[in-house]
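This structure is in structure tokens; I'll ask about it shortly.
Labels for the chains are A, B, C and D, by order of writing; each one numbers its residues from 1.
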Amino acid sequence: MIKIRILEDDFDAGSEISQLAGLGGGAVASFVGQVRGDGSLSALELEHYPAMTEKALRKIADSADQKWDLHGVTVIHRIGRLQLGEQIVLACTCSDHRQAAIEACSYIMDQLKTVAPFWKKEIMQDGTENWVEERQSDIDAASSWDH
Amino acid sequence: MIKIRILEDDFDAGSEISQLAGLGGGAVASFVGQVRGDGSLSALELEHYPAMTEKALRKIADSADQKWDLHGVTVIHRIGRLQLGEQIVLACTCSDHRQAAIEACSYIMDQLKTVAPFWKKEIMQDGTENWVEERQSDIDAASSWDH
Amino acid sequence: MSKQLNIVYFAWVKERLGRDHDIVDCPDGIGTIGELLEYLKDKEAVYRDVFSDTERLRFALDQDFVRLDATFDAAKELAIFPPVTGG
Amino acid sequence: MSKQLNIVYFAWVKERLGRDHDIVDCPDGIGTIGELLEYLKDKEAVYRDVFSDTERLRFALDQDFVRLDATFDAAKELAIFPPVTGG
């Protein structure tokens, strides 16, 4: 079962995890990304490409589901303005085996960083704004799964 | 911050995850293991070595904390009789970086499977009981971190 | 006969162009995204500025990632944006 | 002079011995866990049965994992149990 959500509002990670756990596998892995208070950051603005976002996330989840034996995948990504400490993203996977669940969760996050159409703008405390640049480490992480 | 709990009662994974998230890193990884309904299984009985358990779990968490740059680690393991679908274990890590959080979480689970003094007995639907045997794949997973 | 293409922009591409989409009449003989960008850069200074370094741009045709040399054939929507930074 | 050692058992080791601990007077000349097991197997049939295959046993001295050839020196508690299966 694949569940994809793109939300302005916050989500309840614990409830999402226990819903997925209810599908019955023995192993549930999850990752939550949140806005990290990094020096002079005040907030993040998350833009996305509405017509493409769900399709791109579903493609990533489908691909994880084919690579590993999963009972379910949940991917939630927020958009709009997010304050320090707020949750940005959840990836959660459920499998009979812990390695499958953890690897699939890691794979989903690595792919999401490079092929899901989201863009982060940093709003600094002094009012300046910068679009976040892609990071080579994210590109490397995503391509490490290509074999 | 390292938190270790050994409990007979259930725990609230969502609340543990959000407590750890509150420490401020951008990345929170977690793993929940639960009793998998495997054919004729009725329940699990979890025995442990009370004088050693917390020490062993803390050693694993400390070692993860040394290998990766973590804000916090939470490890919770239940003991006693657990029904199908019940939660057995939670490992949760918080870091500034997603790979560190996910790898540390995976490491903790791999170590826990081989050096934490817990023993699982399966109670079958027909009333028979078997002690679970160690699995070579768990030994291999734990030793894969030795380099 | 020319074909109409909806071009949508995101993030700093949108901000620097000052608009979130264009509807472009794409003349015959222009088959790839790269050719279309050259055509637009000839037409308007703002395109020359924003599209100057195609290494910094990413493209999707009808919501699938493609490269600069992709042909748009029957596609209805071209998206132009910086590398993604979600998650 | 002999020394006293508390031996604790878990899982099927405990079940098959029918008890969860023993307090053993450990004679001089016995320094390693392996030697202690041989000494116990000579004393009582149930030890011969349960400790017959040491490959299936694991050991901790004062709550730290050790191997069969570890010397117990000043240790107060020896634990004998099957490979762990938590998580």
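Worth pointing out:
Basically, contacts are C-beta pairs under 8 Å (C-beta built on N, C-alpha and C of every residue); 3 or more make two chains touch, one makes a residue touch a chain.
Just so we're clear, the structure is a prediction, and the values are computed from it rather than from any experiment.
Note on connectivity: the fewest steps through touching chains from chain A to chain C is 1.
Of all the chains, the one whose CA centre sits at the greatest distance from that of chain A is D.
Computed from the mean C-alpha positions, the centre of chain B lies at a distance of 49 Å from the centre of chain C. Between the Cα centres of chain C and chain D there is a gap of 74 Å. If you average the CA atoms of chain B and of chain D, the two centres end up 27 Å from each other. Residue numbers of chain A whose C-beta contacts span two or more other chains: 33, 98, 109.
With touch defined as above, residues shared between interfaces to two or more other chains in chain C number as follows: 87.
Chain pairs recorded as touching, per the definition above, are A-B, A-C, B-D. Against chain A, the residues of chain B that register as touching in their complex are 12-15, 17-18, 21-22, 24-37, 85, 87, 96, 98-99, 101-102, 105-106, 109, 141. Across the complex, chain C is touched by residues 33, 46-49, 51-52, 55-56, 77, 88-89, 109, 112-121, 131-134 of chain A. Residues 8, 10-12, 60, 63, 65, 77, 79, 81-87 of chain D touch chain B in their complex.
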